[in-house]
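The following pair of complexes shares a single chain, subunit A, combined with subunit B in the former and subunit C in the latter.
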Partner chain A sequence: MRRSLALLASALIACAGSAAHAVDPTLALPTYTAAYEPTNVDERGLWMQADEAERRMRDSPLRIRDGNLEKYLLGVLCREVGQERCAGVRLYAMEDPQFNASMMPNGAMFVQSGFLLRVRNEGELAAVLGHEFAHFELRHGLNGFKNRRTGTDVMAWVTVLGGISNTPTGSTQLSLVGSIFRFNRDQETAADLLGLKYIAQSGYPAHSASEIWKSLMAEQEATARGRKLKAKQHFTAGFFDTHPTPLSRAVYLAQEADKLPAGGDPRKQELQDALAPYLPRFLAAQNKLNDFGGTDYILSNLAARSGWTSDLLFARGELYRARANPRDLQLASQFYREAKAAGYAAPDLDRNLGLALIRNGQVEEGRAALSAYLMAAPEASDAAIIHTLMAN
Partner chain B sequence: MKTANCVRAAVLAASLCVSAPAIAQEKTGNKEGFSLKPGTVRIVLMRPVVDVGEQSTGGMFEPNADWTTQARGYLATALGQAQSKLGNVVVEYSDQSTGDGPLVTQYSHLFNSVADSVIEYQFFPGNRLPTKKRGKSFEWGMGDGLSRLTSLKGADYALFISTHDEYGSTGRKVLQIVGMLGGVGVTSGVHQGYAGLVDLKTGELVWLNADRQMGGDVRTLEGAQKRVTQLLEGFPGRPVEVAAAGN
Partner chain C sequence: MLRVTISIIALLAACSTPVLANSLIGPGPRAGIAKSRISASPAGEWNKLSLSGGKNVEVWTLDGDSLNKVTFFGGIAAGQPLLRERDKKNSPLPKVASNMLVTDIPTLLETTYRSQYAVNQMAIDTQAPAQLGGHAGIRFTYNFTKSDDVRRKGEAFGAMVNGQLYLVAYEAPQIYFFDKDIEKFRTLATSIKL
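The block that comes next holds the complex of A and B.
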């Protein structure tokens, strides 16, 4: 008896000891059901629509379908949310210069190239993928749909009854609309907070999530400067905002992250290596946005990490050639030449250099560059028009 | 980080739905002088786009997976039955592991865009673009790229079919009745569909039938048969006597 008491006591001590070392229970992840099937009529309907949308995106010409990039991104997601959770996810990388990623209720995730251009390390990438996964895990698609339906149902009744009784309903309608958007913002915050729990498990730095919003604000300021506008950062979200503002997200995510274990390596180099082959394509899409300040900011950010590589210099030349002030054309030709010196090999460099030079009045040099282009790419789809241009 | 505009558009659409009944006009378009002799060509039926659901009280579309699956099945059966009346061989599209899948999906979407433009800018005469005003001209197409797809080799025409149905929910119907009593107009239910035939050699749209107020409950076999009959109304090249019986 005494022995068993002693055993019990030592067992209790052992338990207490292990409890002291265990992970903070507030960071524990909720139970996860793998291979979940939609249960009720609304959810099945949404999944059906999501399946159709997934087919479209899977077959879209904008999808980056060489497989390597999607494999890398899925690997990052698995590190972030764990093998159990990431097992059923289909991840599609899309060439789209918007800063965005999303996940549909059926477990298909889309990552836009604009977002990949902006994240500075794997930790930031993982934080956003985790946030999107949290929307999926918390079934926000379904809850948002139900909320919009209830809101608009009530609005329809208010409209009809108001019409019959000749009562003005504007303010009631407005507050109903407001409640729909407020619900959406609350879901974003909930996903942010669950996302932080994934970060705590993953070993990525705890402050990854808040850092993204800080750098997004810096970019918005650069865009505004480029457009000669005043950048406005608000703490409180506007009436029609679907998301909390970047400023408030940066603040509350940083506050919550302070409570977490600091985390480890953000894996900067791994991200850089994985994205390097795709940078020319992503930057070309970004350049088409006609956002001089924002693009310049992104380019300088990339250059700060990798130095001015030939791809970055070429993209910079494209950016300046597109704005096309006389001083820009001068600089564009310079960047193209630097890119060539740094090893840019594709023939389109000579064409664009030639066009920039001709617009800048340096006709002879321009013709030389254009004929170099035609020598290198005689079968190009625009060869005929370049010939015409050279003849004039 | 979901698309904000989507949500905004949905809310806006829902708030406007009560007072904006859809004004539509049924019509069929045919490339001038186009005819199809029975028994001469091979037609491929592309994967039909089918959406069935309810319309919520506020006018939102509530997709219903069970109804859509049912409708897909019934429409396929009805199309199979209607085949014999079309006068030419109709086969269902299959990828045949050619890897054409993504391109074919993209062409289906291109077809939808072209069909929408035809409905908007050809079937509503007031909207007609200057180039579409000449007599009976019906000049629409989607490029000759289709002829290069391996999985479509041996076929002459592609038949595209699309339906979208929203059945008014009980709430919507009650709202409609209350609105009616009080003199406020509320529409209940949306039933749209179109069918089009594309020449695979040239990419030209040779026939389009579009209706934004279709009949036939696609959730039943009889309704699906009625819907298919309406969708294929005016289909070129069908034997006259069977066409008359089919209507």
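The block that comes next holds the complex of A and C.
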């Protein structure tokens, strides 16, 4: 009886939701043309480059092929923009600790691991994927492309100069490849607004989009604090900045979201379950970026979602051990021990605990932890060097 | 017009030669590598690149540094990064600490690469005790992929001597090149004196 009541209630809520959409014609999505083909010479050229970039990313060793991550992400996109729109999309998850997701005009979408580490629920994830999809639907890739053709000449030159000066051009090259598909500020705003319409249709909370920008600003501040810099918050976008600043974005997205139906479940648990197998790997990569403040912020953010799990505590231990001030080493040992108490089972915990203790001068305790590691993993590839550390 | 062009080219060549001057390293003893106490006696010929990436860093190669590359880090002092920082403010590199354990050396190299070269995949494979120039240290192997998508392998010998880091690393593509020259590197590394 209770179950059928709940069913009835949810059916009513669903009706109410769709009724709200039907009433407000401004929230209706524009008609969508599937299987669009490039029409003129510029567009065909752009698509050719996009196809080539997609092939490279598809075969890249950085692509996260294991498990169901890409399938899950595509599912979120479909829920956000609807089955009709998402049908032709290819989605690639890439191992890259930077906060980014992008979509090319040929319908290939890239989602970076650093972005997945930062979203706190499925609603935020969907908001960003929807925003990128909006660029695609509005065909922003082509508009203004002619004016930016010179961008590719710049890339050729950077490659040549990089060869001479031996500076790594890799990331510049990627970011300039990105610049072919880079959008101007008006386009960003248009995509944000269409993105909000997707949210209104999808049932995710209306404020998902503004929340993510607020969180990004807080992280930038934490990074600046960790590096003893003044927090850099642009209150107005610079002339050459292509994106609206996080602040102005958070403000207008919040204002627009107030006009929408509030939306429903942000599906926090679903995101957490889908990312759980990848979390230790993503955290390890983030830990090695030498960004104490930002990483600590991300960890606290994740802990706010799931509580301090053994994986998060272990990652926090790693973070403090890497900074290695005496107080950090002290705390690192504490976090490792808490992680163990919370159920962290892999033997590398004892290894890293032992190393933190020895570096902090607690030699006896350190030896005990290291010998526990060697007991658990006698065949480890670093067993011999750990033996010498215990002997000294 | 042609003359002007030629003289411009000649001028450019004259300017760029000292900057781009790589030099031949002949077989036999050689001291002061990486402006430090490192000396070695290579068995064969190597090329020393003029551009190294840091003050106490020297790069040798056989066929070009993307095919086989030996990097000497000569006595990096506490508080200093392994490589010259491109952007001190926004992407600072991790620094050497005088109380580092030998197992912190591979981690330092990895975090440096991830920050400096945007290497998103890198792993330390093996770590074992070893000597570098008669000092107790570590020998470790690793693999990584830079943005050119080429999988590379590395092998390095490192030691902390009087609170300073000495490290010599060999890197080459996993396919063909790593195995081709690894023995030459090992011979070179065992000839090192500090």
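The rule is simple: the second predicted complex is superposed on the first by the 305 of 392 C-alpha atoms of A that agree within 3 Å, B and C clash if a C-alpha of one lies under 4 Å from a C-alpha of the other, contacts with A are read in each partner's own complex, and residues count from 1 in each chain.
Convention: contacts are C-beta pairs under 8 Å (C-beta built on N, C-alpha and C of every residue); 3 or more make two chains touch, one makes a residue touch a chain.
Predicted model, so just to flag it, every value in this text is computed and none were measured.
Chemist: So, does A:His135 touch the first partner subunit B, the second partner subunit C, both, or neither?
Modeler: first
Chemist: What is the contact status of A:Arg44 with respect to subunit B (first) and subunit C (second): first, second, both, or neither?
Modeler: After superposing on A, A:Arg44 lies in contact with subunit B but is clear of subunit C.
Chemist: Report for A:Asp382: first if it touches subunit B alone, second if subunit C alone, otherwise both or neither.
Modeler: Only subunit C; A:Asp382 stays clear of subunit B.
Chemist: If we overlay the two complexes on their shared chain A, which of subunit B and subunit C does A:Leu289 touch? Say first, second, both or neither.
Modeler: The second partner, subunit C, only.
Chemist: Which partner does A:Gln83 contact after superposing on A: first (subunit B), second (subunit C), both, neither?
Modeler: Once the two structures are laid over each other on A, A:Gln83 reaches no partner at all.
Chemist: Touching A:Pro61 in the superposition: subunit B (first), subunit C (second), both, neither?
Modeler: So A:Pro61 meets both subunit B and subunit C here.
Chemist: Which partner, subunit B or subunit C, touches the larger number of subunit A residues?
Modeler: Comparing touch counts on subunit A for subunit B and subunit C gives B.
Chemist: Could you list which residues of subunit A make contact with subunit B in one structure and with subunit C in the other?
Modeler: 56, 60-61, 164-165, 173
Chemist: Can you list the residues on subunit B that touch subunit A in the complex?
Modeler: Against subunit A, the touching part of subunit B is residues 1-4, 7-8, 10-11, 14-15, 17-19, 51, 53, 56-60, 62-66, 68, 101-106, 109, 171, 175, 178-179, 181-184, 186.
Chemist: Subunit A touches which residues of subunit C in the complex?
Modeler: 16, 20, 49, 51, 53, 65, 86, 89, 91-94, 97, 99-104, 107, 110-111, 114-118, 120-121, 125-129, 136, 138, 145-149, 151
Chemist: Touching subunit B in the complex: which residues of subunit A?
Modeler: Contacts found on subunit A: 38, 41-42, 44-49, 55-56, 58-61, 100-102, 128, 131-132, 135, 144, 148-149, 151-157, 159-161, 163-165, 173, 177, 180-181, 184, 188, 240-243.
Chemist: Which residues, counting only subunit A, touch subunit C once they are in their complex?
Modeler: Residue positions touching the partner: 56, 60-62, 95-97, 164-168, 170-171, 173-174, 227, 229, 285, 288-290, 322, 324, 355, 358-359, 381-382, 384-389.
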